[in-house]
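As written, the chains take the letters A, B and C, and residue 1 is the first residue of each chain.
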Amino acid sequence: MADDIEKTAKNSDAIGTAVAPPRHSEWRRISRVFFGRKLYAIGFAICVLLILVAIFAPWIATHDPLKTDLRHKLEQPSWTHLLGTDSVGRDTFSRIVYGTRTSLLIGFTAVFASAIIGTLMGLAAAYFGGWVFAIIMRFTDALMALPGIILVLLIAGLAGGGIPVVIFALGFGGIAGMCRMMCGQALSVKQNDYVLAGRAIGMSDWRMMLTQIFPNAFPPLMVGITMGIGGVVLGEAGLSFLGIGVMPPTPSWGGMVNNGQSYLLTNPILSLAPGVAIMLLVFGFNMLGDGVRDAVDPKLRGVL
Amino acid sequence: MTAYIIRRAIIGVIILILVTMIVFLFMRLLPGDPLIVYMAGYDINRVNSVGPAQYQAMLHFWGLDRPIPVQYIDWLGKIFRGDMGTSIKLQENISVLIAERMPRTAYIGIITFIIGTVGGIFVGIICALRRGSWMDNVLTTISNIGMTIPTFWLGILLMYFLAYKMGWLPTSGWTNPFEDFWMSTKQLIMPILSVALGSIAGMARLTRSCMLEVMRADYVRTAWAKGLQERVIVVRHQIKNAIIPIVTVLGGALGGILGGSVFIETVFAIPGMGRLMTTAIFDQDYQIVQAGVLLFGAIIIFSNLAVDIIWGWLDPRIRLA
Amino acid sequence: MAAVLDVQNLKTYFHTEYGLVKAVDGVSFQINQGEIVGLVGESGCGKSVSILSVMQLIPTPPGEIVDGKVLFEGDNLLQYKANGPQIRAIRGSKITMIFQEPMTSLNPVLTICRQLTESLELHLDMDRQAARERAIELLKMVGVPDAASRVDDYPHQFSGGMRQRVMIAMALSCNPMIIFADEPTTAVDVTTQAQLLELMKDLVTRQNASLVIVTHNLGVVARYAQRIYVMYAGRIVESGLSEDIFGHPHHPYTIGLLNSVPRLGEKHGTRKLVPIDGLPPDLINMPPTCAFLPRCTYKVEKCQKEPWPALRAVGDQHYISCYVDIREK
């Protein structure tokens, strides 16, 4: 026992006067928090799985999702048709697999579009202030005056539906939220002294926004994006369900739920299976969003 | 604070007008002409057979040959007199239509709102107080899943199990609760549940985080240091503070529920405002869409205003700023 | 003078994701009736955790009181459940605490009156009206002007110094025996600091209560405390009467502290300010030897071999935790 003490003492004395505590690397901490919670790891896994399914759809699907086969319509699940067929003989399983592409395409595009536009607007509003701020805020107020669904319904319904319209409608609906969030973040960052310092050394407006304000307002943006994807997918499903989203015959989970409703008694799986797919995707991205939020800024935990 | 309220109210009205203006314009600029479609009896093949003279007459009758700004002002004027116009397709007075349908949507909406918010807040508080326990984990996981369920799908799921399989509830339809309360309730259980679940899930999550945030606060530690009981601390110190951010989202929650009504009325064949709006959008029935946007917009703006007032009243830092 | 509070070998550890933090590792101190005691040390030395442990206000998922006794009125307080009825009966009435941040330590949605009457109604069984009148009296006592009308105001309507006076009023409201003040003046400006300290000393003397001031500011304790405990890395390293600690400090850490602050009356240029070399230790990986060893300029062979020294007397009521005998100052 005394030997150990002697050794430890000699070592600490050899090191010198300063024995600083070990610094854990930020990335290690982030991954530990992120994967430490099983839930987040599961969410991450689901997202990766879905992205892979979307990319490798042609290899995973058993049939052509658009091919009709009226001789085999409304069949129950079997070994050839894993989830049965729909009212015109298309294989449900393959349609769900290809539907992943539709959902992810619309999800990512709409969210990134609204994120980019919303961020630019929010940063501009926060940075320039004055009448720029006022106009942008009134605009977002107007956008938020209608319930999200109604707004999206209006745009998509009046413009006739189809994927581009859906992306536009959902993206447009998301701008207000992103803009407000980024504006709020930028405003609080703007208070900080390093912004003042930047101005003191003569940084131009754009440089300030890009290099100073944006990186610090970034974490909530990441969270907003991952959470937003779930919302957009639900929105697209809703629109397709009502018939003004993705147009047939392109496979869309929401549309499939709609088509299946008429056959609920005999082939419930037509409506129920696509719903499960929607839930899986939204859950995966929501958990991913939670994980990102907790890992990036624990202070935000339970706030967003 | 009164000045604050008045300012918000005025801004709200301006926004409402702005929104209706934008929608008005948007609808007029779209391809497709509901008038022609109507005149052709909603038969695509007969569209070309509509005579130009007749068309012009119709156009004039509906006042659609005037410049757009004039049409808008005219519409606005009529609104102030309580006249919402007439539906092109249904040839009915819109005010009558709305008076018929809005109460149904409102009935369902209000019940869902109460269940959703009260239920959600209750669940959230329990989860926060018993953080980390099995109850918290189970309820939080259910909430997380609940937020992912598409409303319309849940409706269909419930319909399948409770109506088709079990036969406990009627599959769809609407009965006036004043005429047959029991039947009406049976018909409404599934629609209300479908929308309320998502609401409860969202509110529970939010309440839980707000409570946890408050529970960490310094003044809560001061309360413990004074020797107060947990019960007293939870109610007087924690909930009283946590409720403030929760109230601010109630306006948005109502908006979500109104939005949900659109789906639920479609799934369960309920003749309410949501269905009216959806079909009107499909038929490009301008007048109904205008009126609907005005109505929904007004409800949202009004509820946001109410939320602001309640918030100001609850938080002395705002009330006595 | 009898000891009203006797803390023996208190140990409070925290289970963190980086390891077990031994925030308080064998701390013992006594508080006598009517005296003012200073508990000093730098940030992270465990002084706040010590007093929070006495009142069992440590958040117990990460924290845990592992060992020790807190003897008060013949009872060991640690045997009772935190937040249990026995502890709750003592908190706020016999032992109270004043916290550091007046901004956030008061509930923003309750009036000052309500926050004062809470304790009064609970511990002194007063009715609403009587409690309200007492609250106004208390506010006057701590020097809040216009007390009768300000009692119905909310915390955000008070300035920082005023809020701290309210905290003092709250702490004294039920005539406690012991008041813990955790960095009571750190968050206010210097002038207000002086006023608040005079106020506290005055009130405490009047009620013949004991006051424990936890601070890193030596100037504060020099003027007001009769006895001082110096803490480092979770343990007491020196304790004694105020004049002994300042007059002839014996522990290298205390000496280092006193050398690093200027003193009033010293002629300019007489003495260099010598900061203590090095950084405070990592409380997770503590070596078994004296924790101050890496930074000590008086160390000898013995220090490197033996475990952390136990307290030994070097004078009347003067104890240090050190192997070295310093025969100077």
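Criterion: a contact is a pair of C-beta atoms (placed from the backbone, for glycine too) under 8 Å apart; a residue touches a chain by one contact, two chains touch by 3 or more.
Not measured: the values here are computed from a predicted model.
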item	value
Chain at the geometric heart of the assembly (C-alpha centres)	A
Farthest chain relative to chain B (centres taken as mean CA coordinates)	C
Rounded Å distance between chain B and chain C, as computed from the means of their C-alpha atoms	55
Centre-of-Cα separation between chain B and chain A, whole angstrom	24
Gap in Å, rounded to a whole number, between the CA centres of chain C and chain A	49
Chain B to chain A touching residues, read off their complex	11-12, 14-16, 18-19, 22-23, 26-27, 30, 141, 144-145, 147-154, 156-157, 159-160, 164, 208-210, 212-213, 255-256, 258-260, 262-263, 266-267, 277-278, 281-282, 284, 289, 293, 296-297, 300-301
Contact set on chain C toward chain B in their complex	55, 57, 61, 83, 87-93, 96-97, 99, 101, 104-110, 118-119, 122-123, 154, 156-157, 167, 170
Footprint of chain C on chain B - complex, ascending	132, 217-219, 221-230, 236-237, 240-241, 244, 314-317, 320
Contact set on chain A toward chain B in their complex	39, 138, 141-142, 145-150, 153-154, 157-159, 230, 234, 237-238, 241-244, 254, 257, 260-261, 264-265, 268, 271-272, 274-275, 278-280, 282-283, 286-287, 301-303
